[in-house]
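Presented sequentially are two complexes of chain A, the first with chain B as partner and the second with chain C.
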Partner chain A sequence: MSEARSVTEPPNLILSPVWDRPRTGTQFLSGDHACAEGALYAGCRFFAGYPITPATEIAERLAERLPEVGGQYIQMEDEIASMIAILGASVTGAKSMTATSGPGFSLMMENLGLAYMMEVPTVVVDVQRGGPSTGLPTTVGQQDMMQARFGPHGDFTSISLSPQSPQEAFNLTIHAFNVAERLRTPVLLMMDEVVGHMHERVVIPPPGEIPLVARPRATVPPEEYHTYRPGPDLVPPMALAGEGYSVLFTGLTHDEDGRPVTTYAAQKVLVPRLRDKILKNRDVYERLGLYKTEDATTLVVAYGITARSARRAVDLGREKGLALGLFRPISVWPFPAEQLRSLKNVTKIVVAEINLGQVVLEVRRIAGPYAEVVHVGNPGGQVISPETILEACMSPRRAKP
Partner chain B sequence: MTANAEVALPPELHPYDHLLRSADLPTIWCPGCGIGTAVGALIYGFEQAGVPKEKRVIVGGIGCSSRIVFYAKTDAYHTTHGRTIPFATGLKLCNPSLNVVAFAGDGDLFAIGGNHFIHAARRNMDILVVCINNFNYGMTGGQGGPTTPAGALSTTTPYGNPEFPFNLPNLAWATGATYVARWTTLDVRRLRNTFADVVNRHGFRFVEILTPCPVSFGKTNKIGSGVEEMEYYQALEVLKSRVESTEITKTDIELGKPIVVGTFVDRERETFRERYVRVVAKARGSKS
Partner chain C sequence: MRKEVRFAGFGGQGVILSAFILGRAVSVHTPMHATMTQSYGPESRGGSCEADVVVGDAEIDTPMVTHPDVLVLLSQEAATKHMDQARAASLVLSDVDLVHLDDDVAQKAHQLPFTRTADGLGRRIVANVVMLGAFTNASQIVPREAMEAALRETVKASTRELNMKAFDAGARL
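Coming up: the complex of A and B.
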């Protein structure tokens, strides 16, 4: 009985940079499949997930593709387990991801919070559908945006990206991994059902053409290493499991060695740093789409699928001689406030989003003092038409009180 | 101990001092608590089995038991309540050379984390799961839980527990664990040998350790101090190694009744990883 069973240790599947099954070139892909291919391109070799409409296709694609490239797919018992399994994967150095929709996203909040606190890089995809609760499983919503911003309990700062097309789903998934690695933080890819299910042309470049970013790693010997001592960029270099550093990671408030110190003194050092490492590194993640904004006096703010309706609305408005422009936050959180404020001619902002008013709250906070901010939305279930957005742009200004 | 040895090893230094985060001692555990005994036995097992120090990984959840991560000097991850097993799953799959132990309490593993336990056992995931079973929630002050014996008192079962508890070895066996043992913290030698035997094995291994919680469960149920709870175990323990599968249901724990301890299950099954290696071969073979 004391004889350990002899097993030929299979080669380490993950971590090895296998890319002998590239699918490059011009493809016809759904946003979900493009997201999966983006993850593979970024070097993701571990996916843990649970089936849910409209994100299931990401899991299906990766169940097929990951073993081809030497990675692993595992279907967990629920989204709670999926979220924490990808954290366990990441502490070994693996790039990991999960994908879900609203109900599963709710279940992930617990360990998403742990990821912010333990500073574990990973990528979480939410293909949004109409809610609350089971809501509209097969139709579109953009109703999880505030959950992306404030979902887990406690104070933290979320980085959330929102693609408007399958091509952008591919590119932004790679960007999400780069940002997660660079800043040691989870990054949320907030897709929506329409972008997830629509099929379009997606160009996948050869490996290496889009640069990949690796996380900052421990370089000093173990006796000089502190698990949570940040560098000048506020990001602590990461020692991986098995490297001999005896690391200590915890979700408790901790000191630079990971020791639990549950005091105000420790909290006021740690939690503001977690916020500041995001806010002071905006150049790492911030992406913005501007369309005809130079002379615009009325601005449409929209993201995801709604941005495409908004672009059409801008064109229709321009045909009528209106000075419309589109401000598309690709990184929705943290909201690109300075860029919004820098558009000096703007006197009216129409925020179009498939919800009853979420990102509009942030836009109103930023621009409310100098511009009229109007919300156009619906409670989920259909895309907002360009005509609806245009109508909001053209409606007479509210009288100043 | 010779005079020389005393110079090399001051009497206050624990023999495992170099394997502990010694600056953080003493522990937060209460007088009479058995968790320290279990931690010592696990470290003994690692040493005895020759597991390289940098390959040892302990994953804790939330609760008294999970505090092991702050004292045992290994790569250590203090995760969320109930989630040790899925965290350990991702970790082990992505670095199979690591020796991964999920170490948590009965409430953590079998109430909030029960679903993860049964699925990891079903998959035969390559992890060792150690359950400190003290029959109640110690960290929060002695509430009843999924292992509180029927009729037992706790702060949330003030009239006696109306629920029946899980029989943990039976659950582990039924869901597919390849190795299942139950000991008390009185059985130090057996516990150490068990860890030395199983830390290097493959598959889903489960060790339940019945542990005194004198300030909560022991006090409320008039079992007494830590020593008195050990005496309680001594009086009631029945050793039954290699219980036949048909008999594992007879290992239920009831207040004041005999407590069956031993190695109940020791069998082989293909692990998730062994099976996934074939998935990879198939995927790579068929798409060339």
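Coming up: the complex of A and C.
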């Protein structure tokens, strides 16, 4: 197959990481600002959004910084428009992102589903606050985790990442872009208000030190190209709109050329592939934080800010001679089930999260047959204390009914 | 080592900026670790307001401050709210002209004229920087050079000289 291409290169402005004014080195940044810097490092050159506490600082920072690197920032009329704008930007070749919180995340669901269906790489950040509805605008929640998993209608598979610190917000934003590009899928960065607003040391390495991944691009001549013919990894190479190829995107069930074919026959080819390209490429996105799990018999499962309370709880418990460990899914969805099952000594699992029970449902599904699974949470508004988590670890096993 | 520092006062006094400068001093100018959290919302623009910095020689696990080692009180409302924490803290600094402390707390507290000193420099707005000078001296958590560097980098160039003067005046209180 010829590598030669008769098509024009897209404008350099959008695709290449430009470092007109690099801001590297050691800084003291909030999680929100670190996320914005991570996006710039990853080559994000288009942000469309609508300000909302506690995600506003991401938009603010990018409004200031994107023009410096030749990118575009647009404040949209609402989150519905924001979500569709970043899809439009992405199909022309820009790495794109939006950032929001609960109420805005709800508005984005329909067009997020469109992104899964059209296989558009993009990054959506949800800095979670207490809900439902407008709820607690200025305080913490982790109540959107099941929305991240199942929010849009239809069958799709979500990749959701959750950072526990500003440095990790920086690193995971880059990872989110790399995964989105590599698998042609939206990636969700599920932050929380405390991580978004807290300040810590963030080291931004020189450009190039953290590898960036570009989406698989069309390499065949235009007459041989099919918009949705997948490669061996189940990811279809992507021709950009305006590049010279015939490309067709639709939310309707479609064939390999992107033409609407609303039949069972087409559906049963397309939708399982959308699932499998995520589930069969776990090594692309899966990240896990393990702490003192080797000999642990009781495991705390926690993500985001709660993982930091959990780490303290593990240390406090170890001081008392308890065999505690921390299992921190950094990629929360798809949940790292095999790694959880591989910890053979575990007989009890405490899932700590700032909600009334979400990720615990998945943990119970996986580990319920062999371990007692307990939930520790609150309805949003404050961080769970290490003492509360430790208490749940120490409480006696419930009698079987 | 883990030290919990809480700055509490009235929105607009520079409570959050003070915490930011301490956090930046530790994070950028020493090998130690710092995590800053703050009240966020209407209160940070007026009303009772607080900002916390946890400083440690290892990575900070939970950033939540429950038993501050150092407590800085810049308004009566903040003092009243945090009096029990002040009782338990190993170091308390307060603005002597703005805050009345319970007798037992007053005995151990460094009650200093932050606002009056700033007035003497011609700008009341630098009272928080006067406080930072006194805090740096009394707490010995972070080297003075690191604090001065973070202060210099944080404030506007046009106010740098005034701020450095305020910091120095605070350190000599």
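By definition in this document, the second predicted complex is superposed on the first by the 385 of 401 C-alpha atoms of A that agree within 3 Å, B and C clash if a C-alpha of one lies under 4 Å from a C-alpha of the other, contacts with A are read in each partner's own complex, and residues count from 1 in each chain.
By definition in this document, a contact is a pair of C-beta atoms (placed from the backbone, for glycine too) under 8 Å apart; a residue touches a chain by one contact, two chains touch by 3 or more.
Predicted model only: the values in this text are computed from it and were never measured.
Once the two complexes are overlaid through chain A, chain B and chain C fit side by side, free of any clash as defined at the top of the document. In the superposition on chain A, A:L252 makes contact with chain B only, while chain C stays out of contact range. Of the two partners, chain B and chain C, it is B that touches more residues of chain A. When the two complexes are overlaid on their common chain A, residue A:P386 makes contact with chain C while staying clear of chain B.
Once the two complexes are laid over each other on the shared chain, residue contacts for A:S309 go to chain C alone; chain B is not touched. Touch criterion met: A:E200 reaches chain C, while chain B stays clear of it. This overlay, made by fitting chain A, leaves chain B and chain C with a least C-alpha separation of 15 Å. On chain A, the surface touched by chain B in one complex and the surface touched by chain C in the other have no residue in common. Contact residues of chain C toward chain A in the complex are 20, 23-24, 27-28, 33-38, 40-41, 60-64, 66. Within the complex, the chain B residues that touch chain A are 21, 24, 49, 53-55, 57, 59, 69-70, 73-80, 83, 86-98, 115-116, 119, 196-197, 200-202, 266, 268, 272-274, 276-277, 279-280, 282-284, 287.
Those residues of chain A whose C-beta lies close enough to touch chain B in the complex are 1-2, 4-5, 7, 9-10, 12-15, 21, 45-46, 48, 64, 67-68, 70, 72, 74, 76-78, 80-82, 84-94, 96, 110-111, 114, 118, 240-252, 259-260.
Of all residues in chain A, those touching chain C in their complex are 26-28, 53-54, 137-138, 193-194, 197-201, 308-309, 311-312, 315, 383, 385-386.
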